[in-house]
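Written out below as structure tokens is the structure these notes cover.
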Amino acid sequence: MFQYNTSYRVCYADTDQMRFMYYGNYARLYEIGRVESLRTLGCHYSEFEDSGIWMPVLDLHARYLKPAFYDDELNIETRIPMLPGARIHFEYSISRSGGAIIHEAQTVLVFLLAESGKPCRAPDRLISALSPFFPAH
Amino acid sequence: MFQYNTSYRVCYADTDQMRFMYYGNYARLYEIGRVESLRTLGCHYSEFEDSGIWMPVLDLHARYLKPAFYDDELNIETRIPMLPGARIHFEYSISRSGGAIIHEAQTVLVFLLAESGKPCRAPDRLISALSPFFPAH
Amino acid sequence: MFQYNTSYRVCYADTDQMRFMYYGNYARLYEIGRVESLRTLGCHYSEFEDSGIWMPVLDLHARYLKPAFYDDELNIETRIPMLPGARIHFEYSISRSGGAIIHEAQTVLVFLLAESGKPCRAPDRLISALSPFFPAH
Amino acid sequence: MFQYNTSYRVCYADTDQMRFMYYGNYARLYEIGRVESLRTLGCHYSEFEDSGIWMPVLDLHARYLKPAFYDDELNIETRIPMLPGARIHFEYSISRSGGAIIHEAQTVLVFLLAESGKPCRAPDRLISALSPFFPAH
């Protein structure tokens, strides 16, 4: 399994009138978790797009355990639980720095050829970067 | 079962550089579906809040079947599949006007006393408004 | 002068923890005002883009006179104060239905050829649709 | 004058179908610029709110000189050009790291007593922290 931690500061734009981070704004956090995880592997999502590969989200499941509040410094733990094929799974655990998990989510993304909209395999570069984290393969 | 249809026009703010509606922006559509469904039942979410009851989202599951595009006129079909107790379930099917379903989602929300943060039962007014749609009860 | 009214319901996603509509979310309202104004003139912004013309915002000035609140039904009055050339000016006055103005803004947008990024003249179709509102020309 | 630099990574959520950062999303950047500027002065906006003071935006003026793109690492230079009284002015210059300015903006915010909604003076703590940067006073 591959795992990476990123931090995110909840801003005013994220809050709603319950003083919670609005439930729709967590999608931005998953995105940051994914992109920074890939970056640390040497894979830049912008380069995937430049080479004609898109990664839209197919499926999202989120569990809101406790609210996040304004100015919270959140930790986004992002995990890739298995080597990607035509799809890639990401899991996220969000906590306040040093605290308990307040939010969990999973997303499934698909690799698409931008031109045709057809599914394709994960880029070789990504597979190579991830393989050391999955020694059984 | 209770069911209600609302329409939503995808705006530029919703799009991303794939030309898709950004995956995080669907949360706004579910919210509009919920609130307008309740309104047609004579239940205004703002009045729930005024009477000290919050309805935060606990769980969200979304499936992105086809992208939504700029200026699409979407239909949001919102369903309440069972009478609420301490929680309320909503299901959403989103389609382009007259077209196939492009997106499906479910959310679970909890009723909370705003002051204490303790769970509570669904407001009587909501139960009364929904009961005729669940004749078996 | 050309003038058009659109309505907008403030949703939870728009609110912040002051219980105000977040100051950045008004940009969505101006966009809706612009696009629906053009639509009523028979000009669809999506068709401008399909024909290779973009209309990015160059300049924005906004005055927040009174807050907008959750579930407010707002009226967006959009005005085009002069015939467009290489640029188009829009003015917005936002009020609660039947109430005083709570927000005013102006934007300047430029017409660009999407391929080259070069400025161009307003589409003929838009000029034709607007001309009757500017009889002095 | 007081001046502070913060960085911001443009994410997919920020983009629109022109591949530009959507014009309404810059408001989030100004907010981050303001809040991190205050934080470096030892002033936490969340503490202002805890002590009953709100700082809503009254006026915003933005000039979009060049677009910002996905994954750009932006520098937000935030300036406080004069000591605050009942209002506080912020100026922002946004550039790609090491590059030319692509965006400029100014905002005016007002200090309000949250309970009554009445204007008040800037918190003493903020005045004390800023005074060394305005030696003429």
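The first chain written gets the first letter, and so on, giving A, B, C and D; residue counts start at 1 in each chain.
Assume a contact is a pair of C-beta atoms (placed from the backbone, for glycine too) under 8 Å apart; a residue touches a chain by one contact, two chains touch by 3 or more.
Nothing here was measured: the structure is a model prediction, and the numbers come from that model.
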Going by the average position of its CA atoms, which chain sits the greatest distance from chain C?
A
State the pair with the higher C-beta contact count; candidates are A-D and A-C.
A-D
Cα centroid separation between chain C and chain D, in whole Å?
25
Between the Cα centroids of chain A and chain C the separation in whole angstrom comes to 34
Using mean CA coordinates as chain centres, what's the gap between chain A and chain D in Å?
28
Which positions in chain C are in touch with at least two other chains?
12-13, 17, 22, 24, 27-28, 31, 49, 70
Interface residues, chain B side, partner chain C - complex
9, 11-13, 27-28, 31-32, 35, 44-46, 49, 70-71
Touching residues on chain A, where the partner in the complex is chain C
12-13, 15-17, 19, 22, 24, 70
Along chain D, where are the residues that touch chain C in the complex?
17-18, 20, 22-28, 31, 49, 54, 56-64, 67, 114
